[in-house]
Amino acid sequence: MTCTLKEGDLVVIEFDERRRFVTRLRKGARTGSDVGVVLHDDVIGSPCGSYVPVRGGRGGYALVYKPSIIDVLEHGFRRATQVIYPKDSALIAVLAGVGPGARIVEVGTGSGFVTALLAWLVGENGHVYTYEVRREALETAKRNLAMLGLEKRVTFHHRDARLGILEENVDAVIVDMPDPWDILDEAYRALKPGGVFAAYTPSAHQLYMLMERLLEHGGFTRPRVMEVLLREWLPEPEALRPASTMIAHTGFITVSRKVTKKEQV
Amino acid sequence: MTCTLKEGDLVVIEFDERRRFVTRLRKGARTGSDVGVVLHDDVIGSPCGSYVPVRGGRGGYALVYKPSIIDVLEHGFRRATQVIYPKDSALIAVLAGVGPGARIVEVGTGSGFVTALLAWLVGENGHVYTYEVRREALETAKRNLAMLGLEKRVTFHHRDARLGILEENVDAVIVDMPDPWDILDEAYRALKPGGVFAAYTPSAHQLYMLMERLLEHGGFTRPRVMEVLLREWLPEPEALRPASTMIAHTGFITVSRKVTKKEQV
Amino acid sequence: MTCTLKEGDLVVIEFDERRRFVTRLRKGARTGSDVGVVLHDDVIGSPCGSYVPVRGGRGGYALVYKPSIIDVLEHGFRRATQVIYPKDSALIAVLAGVGPGARIVEVGTGSGFVTALLAWLVGENGHVYTYEVRREALETAKRNLAMLGLEKRVTFHHRDARLGILEENVDAVIVDMPDPWDILDEAYRALKPGGVFAAYTPSAHQLYMLMERLLEHGGFTRPRVMEVLLREWLPEPEALRPASTMIAHTGFITVSRKVTKKEQV
Amino acid sequence: MTCTLKEGDLVVIEFDERRRFVTRLRKGARTGSDVGVVLHDDVIGSPCGSYVPVRGGRGGYALVYKPSIIDVLEHGFRRATQVIYPKDSALIAVLAGVGPGARIVEVGTGSGFVTALLAWLVGENGHVYTYEVRREALETAKRNLAMLGLEKRVTFHHRDARLGILEENVDAVIVDMPDPWDILDEAYRALKPGGVFAAYTPSAHQLYMLMERLLEHGGFTRPRVMEVLLREWLPEPEALRPASTMIAHTGFITVSRKVTKKEQV
């Protein structure tokens, strides 16, 4: 009934805060770092959150646990492109209504960081259709999704979505591309009425362009635009204070909703 | 195939940015505000995102659409207590690994805002067990969850969780109570190995106390502590800039993980 | 030797956090609010920071003290226009090198909030030349400066600075106008070599325009652009945390320096 | 009449954004970096903001200009200790009413960064009295102040201020020490009535302790507590957005004012 680690499980092996590795357990295998090695045979059979011995190197113990989706994104995924951080993708997902059973189009797969979160959230009855023009990024994304066993919930299109989104009546279209204003017509067509359009744009000038076109379009509600700042704190009682540095900016999040155009009423 | 609004659907009726109402459509019913009235009969049969006429008052059109979970939290839920905002609860949920199929304990139901997000995310195969000592808050939470049809995914305990969490081997324990350090032993017991403990604390002094006890406990990993600042921007091209005011603070988020205590290795 | 309040002194009379009045002490005068009245005769002769009785109303005591420059800006100045907050103006001033003896041009006097800080900082040997096209704002600014007795350190120009700044070889040009890019040539002419150009712009689009023109100009160094977020905390030990709301945005600060154009080298 | 650089002037020689040197011009001297050398003889006689040739290395030009006080703090001062950033010290200074003619006590000289700003702001008729127990820090501070020619406006005490502040009736006491609550009695004694107490504390726990003692003391007004976040933006039109990283935290600023204790009224 309790949770025990077994061969084939995806785990985090954490030597310390800077040395975390996401790997799949295999009998006889080892995960090494500059401070020592963990034998998978020491891990298999342990509780799902355990200390296991570090062989050689600095000795002592490493922490082993089953990763959350965020652990895998942060420590297990390859990055072939700029990625969207969980602080942003988690908010985009809930604002876009991405939950069990949802059908989502993503434009701009990149390395698959958002794809993975979406695929995980839509569950077995939902689906993610993702578009990417860079073949290499798409291959990285596929490998990343496979690590989580989520690839079957995703359809990968190696295609420029501006030339046509192939799906219809989807619940949300989530866009991470340099010129998100160029996808508005296709997004409108693909969305079900009331469906959510969400875009992620790094620069203020992109945001300016997107606002201009989105308001002109007429088929979207007045957007909600926001940025998320995440500040980490040091977990030490007497020295309790924020960490010295932080990510100052990632991107602006825009969320709007498809409606029947006013002229058509 | 396309989405059409029908009797019994939960909808947002939005007269303008400050007048949004979450209601369930009923033949013959009406939703009114100081600027006019929307007849549900005008809504039933429309696409899921539409403009419908405002009768009387200022005239013109109101926007009608099916709400996301966040729309319901923000505009449909009753508040009997301080609530946790989506910017925080969305991040807590993904950091705690709350997805389809998860089994989650929540301590401090409050008005059910986090409960609802969790119940929505765990899907039909997951479950949320929530504890609350204030009967009135619990009743509000139940009504709120029923609005979303999610009450069957939730077990409501009118009970002080410090006296004993009744579940075992859960994936996460999520805590919103004034003295989260008092629940550490019970949380540890209820969690599966590797399961996630997450707490939300408004004041720095609470955070100080929690850090002290969490580090002392020995059965939790070094926590990750963070705060989230959400800044809304005005969606107007020429005047593109953040809104004048923002929420400066809600609470600190602490996330840690149960591990086999070091002494036991 | 110690400080005692006397007739003619400018003081803050603070009934509570929301009722602060900046006034000049006069024998026989009174300062009233909805919670009672303070007699100036009770104040004259007291130490420069004192509690004095509130007559009538809620009774008790009011706090009286000599204001800092910031107290006067925040509680004594009239506002005929949007104003720049001390968090911004203090930083602009030090980045622009505004200290004792400096000669500064300000474009966009507004209500004189920045003018006053500059005039105060340059001391008796410095001077501020300020330009404003709106006569009413200029009159408000003059009255505000007179309240501080700083009007003799300021030359008020009722004039469009774009048609010509009348001074030369000034240490800094500080600009708060909707189209700061239109003043670049005049600012360049008025500044001494190495002098500082500083602008304050509320919107991202203004900032975009300014960046474009400033980089094109060729006579200014690569600018430093920043925004300042000030978060107030509640001064209560057990409830130590930031206030619930804050100012989310005021304006962007741009600072650059005049150099001999590269073509001229 | 225009500004020309001459022997003995303090200048910034800026090869690029990461290579800025504050130095005093001397005939025959040179300032070098890994990308080349600037001959002071090329600089002497140039306008106060100029491009001068880089000899050897990458060639091209370096920028030379007279520094602002902030330029000297950022690029010219030695750091023997943690320092307080201009975003904080500028605000502390104006909130504490530090301007021409003020008499200020500083507790915790450190490397003299705040001392220098204060000395600069008080002008020739003001004075700064600073206390430091670490001799080495005090020597660094003296050298730093001498670089600016401001050492004559400062009295350096190698002394624990908790054992007694030697001045009386000062306008402000500004404190940067680990236990600022231990100086409250001495600060109260040294301040003129209505004078300002300002403290800078990195950790939330220090802030907690300070709030507790400050409120207990009875001789200070309800403090104002704040933190300042400074976000730099990239000065590029098309890519206009905040820099990727920022300083997440420096310290909390507390400002209060001495008043006659209520019991004494």
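Just so it is clear, A, B, C and D label the chains in written order, and each chain counts residues from 1 on its own.
Definition applied: a residue touches a chain if its C-beta (ideal position, glycine included) is under 8 Å from a C-beta of that chain, and two chains touch if they have at least 3 such contacts.
Bear in mind the structure is a predicted one, so any value in this text is a computation, not a measurement.
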Graph distance between chain A and chain D, where chains that touch are linked: 1
Interface with more contacting C-beta pairs, comparing B-D to C-D: C-D
Distance between chain centroids, defined by C-alpha means - chain B, chain C (Å): 43
For chain C paired with chain D, centre-to-centre distance based on mean C-alpha positions, whole Å: 21
Junction residues of chain D, two or more chains touched: 204-205, 207-208, 231-232, 237, 240, 242
Complex interface listing, chain A residues touching chain D: 202-205, 231-232, 237-249
Contact set on chain A toward chain C in their complex: 204-205, 207-208
Residues of chain B touching chain A in the complex: 1-4, 17, 46-51, 61, 63, 65-66, 68-70, 86-87, 90-91, 93-97, 99-101, 117, 120-121, 123-124, 168-169, 192-196, 204, 207-208, 211-212, 214-215, 221-237, 240, 242, 252, 254, 257-260, 262, 265
